[in-house]
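Structure first, then comments.
First chain written, first letter: the chains are A, B, C, D, E and F, and each begins at residue 1.
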Amino acid sequence: MLIGIPKEIKVKEFRVGLTPNAIKTLVEAKHEVIVEKSAGEAIGYTDDLYKKNGAKIVSSSKEVYKAEMIIKVKEPQEKEFPLMHEGQMFFCYLHLASDPNQTKKLLEKKIVGVAFETITDDENRLPLLVPMSEVAGRLAIQVGATALQLNNGGKGILLGGIPGVRRGKVVIIGAGIVGVEAMKMALGLGAEVTILDRNLFRLREIDECMGLQ
Amino acid sequence: MLIGIPKEIKVKEFRVGLTPNAIKTLVEAKHEVIVEKSAGEAIGYTDDLYKKNGAKIVSSSKEVYKAEMIIKVKEPQEKEFPLMHEGQMFFCYLHLASDPNQTKKLLEKKIVGVAFETITDDENRLPLLVPMSEVAGRLAIQVGATALQLNNGGKGILLGGIPGVRRGKVVIIGAGIVGVEAMKMALGLGAEVTILDRNLFRLREIDECMGLQ
Amino acid sequence: MLIGIPKEIKVKEFRVGLTPNAIKTLVEAKHEVIVEKSAGEAIGYTDDLYKKNGAKIVSSSKEVYKAEMIIKVKEPQEKEFPLMHEGQMFFCYLHLASDPNQTKKLLEKKIVGVAFETITDDENRLPLLVPMSEVAGRLAIQVGATALQLNNGGKGILLGGIPGVRRGKVVIIGAGIVGVEAMKMALGLGAEVTILDRNLFRLREIDECMGLQ
Amino acid sequence: MLIGIPKEIKVKEFRVGLTPNAIKTLVEAKHEVIVEKSAGEAIGYTDDLYKKNGAKIVSSSKEVYKAEMIIKVKEPQEKEFPLMHEGQMFFCYLHLASDPNQTKKLLEKKIVGVAFETITDDENRLPLLVPMSEVAGRLAIQVGATALQLNNGGKGILLGGIPGVRRGKVVIIGAGIVGVEAMKMALGLGAEVTILDRNLFRLREIDECMGLQ
Amino acid sequence: MLIGIPKEIKVKEFRVGLTPNAIKTLVEAKHEVIVEKSAGEAIGYTDDLYKKNGAKIVSSSKEVYKAEMIIKVKEPQEKEFPLMHEGQMFFCYLHLASDPNQTKKLLEKKIVGVAFETITDDENRLPLLVPMSEVAGRLAIQVGATALQLNNGGKGILLGGIPGVRRGKVVIIGAGIVGVEAMKMALGLGAEVTILDRNLFRLREIDECMGLQ
Amino acid sequence: MLIGIPKEIKVKEFRVGLTPNAIKTLVEAKHEVIVEKSAGEAIGYTDDLYKKNGAKIVSSSKEVYKAEMIIKVKEPQEKEFPLMHEGQMFFCYLHLASDPNQTKKLLEKKIVGVAFETITDDENRLPLLVPMSEVAGRLAIQVGATALQLNNGGKGILLGGIPGVRRGKVVIIGAGIVGVEAMKMALGLGAEVTILDRNLFRLREIDECMGLQ
């Protein structure tokens, strides 16, 4: 099968659909993989590295989108819709629930979309969503703490305070993966943390393992 | 010297001025020690044990108070004043600062009083006061937690809460030994603790060792 | 349906069958709810609050017990048996296993009893029993520590000891919720804790999360 | 004495020389205090608040600098030199060691400067420098972690990693207050931390209290 | 049934197939149990103790192996093969996967072998394998730390280092029971630990409970 | 001055008196340094490395001992006495208190000995003794844990136990550096630790920092 890896065009999106290593596996399985020029450059995957692993580098997204299957990170952007063709397969994060416009377009084009965020393993866990949530939760506090700095327009609160100055308060709504990872970072920086969830059994797990409610 | 160990008469005071072991040391140093009947009984020091260590058991406080030196726990009580005689030495906790009546009586009787709470070692630490403070601080939270129970007339607050129920808040004024020991117990029971002190360097020590401010 | 919330009559029972909030939900679902005068007063739920949420306040338990369904906390007490009528539904903690007398009475009166302690969710957990166990376990240590005080007739042991004085020993039989919550509090107060259970896999969980065996 | 509190003019400096509360103390001690308009506004101390505490608000720095004593935060800036007059007293952070130009100016004007960073208490500690160092150390990691984000031009490293992704490495040079506070935050965010210092006894203290070397 | 407990002959194997207590249970269930002389001596189970619990002591392995069922610890050793008879039942650790020679012998003799390491409970856990893995994992670090000592021919590395000297690095491959127990001990001795596993969800569990990745 | 660094001859002593780096400093200060062949080999300091740093390698201890000053690790051994000459200076650990024979020999030869273990810094700390104590304390538990293994002739006790098996007990006499480092390792391996010391203030420090008494 011809598989295409386009360069992401969403603002501040540095990731790429497949690592060079993964491409090797596909090529060994007799698939053909085309990668858009400098698709992985921002995170250190050079075109050369992709070539060495068996990919063909193409210079335009137009060419990549000729592939039967597209593997990318973010949902197709406005500019990418015209490049998609009927029956094409898409592997990427889609988040359709909050995006009726995209949903309509995918239906119109009769795209076969497999949303990363919905893939489950045999214990009903979400192996492609969980790591994103872990990063999101951990970054959230870092971003929030930075936003609280006076020189960034914040209220001048240091999450952990210092001896003699009250610590900041962090309230986390939802004790899923994002929430718990955020909680750990907030505690790590010394904040006073309250975590809320309707699921008491989840709060018990957190309490048992992390001594917090 | 004739040394007397009276039975404590203050309400709920179970302690005794000297342990049997300590009496042995005094007797070996050629002092004579008289102990009031059942002075140490409440905490397991029987009259027999005192006798085996060289003390003489006497049956009334009147007899004990004939001694040149009295070693006891609490300051002399109202009923004990008439038993004291001029020039007698007292080793006990005195806490005169808040007790002008006692102070006046001690001066009238020309008592030589050595207050346990003021004895310092060569690094200016208070070896006889510190353990009392440690007990006081640790007990304080236990007593306070009990007082918060609804069946004891309290507000029905459990210091550590449970998953889904807010923990109780404990504010501790003063980060000396009493305060810090209380803080440890309150944290141990899961309360949300704030400790206040005018001495920022003390708060820093606590923060460095115990991760709290 | 007519639902009655009696005032609890068991000694030292301050709880009440339903919160004002819960009553609102029932009333909105077209049920009629009658609450006995001052049923929730001890824990801050005034009759007024119940009225605002749609309950009707009645002045005697006799009236409340006319309801088709009774929602309360503790099992029916001796004095309450005569008030119950055939076919009446009961939602409360029953603990029948250890109470043949109550069981007999419920059968005689053909009561439809739903014991809170047996209600399970879809993962076979016990959402109405667990929080009671959490409170029980945490309180147990608080109560036990208090009972160890000399002024309460105990042996004069402070669970955490102080530097130079051995800590108290706590042995916990059963590593269920009560046991583990008690364990946490005992550790928090500085006691030396041993927890026993026939289920080694439960001990492993505790060891993995809490570093204790 | 006439005391002046100018508005800070250094870029991103939001602090102010005295809090309204401190001014009250000075006024009660019969000093006259003039505060430059909106000097404390950025951190919530309004002109009104200063007035209520006894300060007089003046509208230009020129007026403030007529005072006998100036209390401010940062060392005098280039633009402030012309406003200073011979013999004037300055209380502020000076950091002269790295700033020969300022030193020369202060000497020329015969300024009596008291550098906050050099004030010691009777145990040779630095009560005015330490809190700044605490803030600096804690902020350092927050700022550093933010700088590592790919969207900020960093290497895309998350200090704590996530399960399956290596944590970031932080090397801290110097185990003084800045270093140790930075260390705590870096550990709190899950980084792998190495702290270096020529003073082994300081490393031992850290190791004893914080389990790190 | 006649059950035999031989003395283990594998080098450094001190364990024994059944405790005296377990024998009592079998005897009460009308089985006959013969134990080889001094089978449990190395770990404090004397022949007398076995006798008191109902076992018969026999002086040679030859006699023990006449039993219908053999309960022992390690797989049959070379020297034991000739003692085994057709149809005999064996309860012991077998680890056949890596031992074709043993497998062949067991098949030839038509032995009914039940391998301890494969026994599962009703939640598919391995109650007889897990404790062995726990011991193995904890001992591994102790043995490894000892092997690193210079006087044992090692590289002279102390796992925890000392202040000023880098800690040792431990890499653990596999986050199963052996690996996690080893990890805990290595962390406990102060080593810098990296644990690897292909199962990210297991790494997440460890991270959640133990703050490590 | 001519300084000699002999190869240590005490059994299992792998250390050497000076590192190559230290020799460089001495040579730059115009001293002459001779090092015995392969003196540092066991810990990775080759003769070549010493030569590159300015030392002269000599092939016999006889030659080294001609130096005016000897820098080594352990006290002079029986075989080394004849090599020493009157007035020679010795820098090494001496531990004379328990070694009257050595003391006599040093006096006879009129040796000027500086014992490493007695060198203090300006705060009366022992910079040369402390690191040895740290290593000793940490190793002690490692060695002790190994000695408890059944295959080493021990009682078959695993310090940390496993879930369901009691942990081992460790009693440490003396809360100095050796004791506290041993304590940390024993706790790290999961043992039940009691530490004893006559100095209650030291126990308080440990309790404050490490939550143990």
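Convention: a residue touches a chain if its C-beta (ideal position, glycine included) is under 8 Å from a C-beta of that chain, and two chains touch if they have at least 3 such contacts.
These numbers come from a predicted model, not from an experiment.
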Q: Average the CA atoms of each chain to get its centre, and name the chain whose centre is farthest from that of subunit D.
A: E
Q.
Between C-F and B-D, which chain pair shares more contacting C-beta pairs?
A. C-F
Q) So, what's the distance in Å between the C-alpha centres of subunit F and subunit B? A) 45
Q) Taking each chain's centre as the mean of its CA atoms, how far is subunit C from subunit D in angstrom? A) 54
Q) Using the average of all C-alpha atoms in each chain as its centre, how far is it in Å between subunit B and subunit C? A) 39
Q: Would you mind pulling out the distance in Å between where the CA atoms of subunit A average out and where those of subunit F do?
A: 54
Q. Out of subunit D, which residues touch more than one other chain, so two or more?
A. 131, 134, 162-165, 190, 200, 204, 209
Q: Would you please name all pairs of chains that touch?
A: A-B, A-C, A-D, A-E, B-C, B-D, B-F, C-E, C-F, D-E, D-F, E-F
Q. Which part of subunit D faces subunit F closely enough to touch in the complex?
A. 200-201, 204, 208-209
Q.
Show me the residue ranges of subunit B that touch subunit C in the complex, using the header's touch definition.
A. 12, 14, 42-43, 131, 134-135, 138-139, 142-143, 145-146, 149-151, 156, 158-160, 162-165, 181, 184-185, 187-190
Q: State the interface residues of subunit C toward subunit A in the complex, per the touch definition above.
A: 123, 125, 127, 130-131, 134, 180, 209-210
(Q) If we count contacts the way the header does, which residues on subunit C are in touch with subunit F in the complex? (A) 161-165, 167, 190, 192, 200, 203-204, 206-207, 211, 213
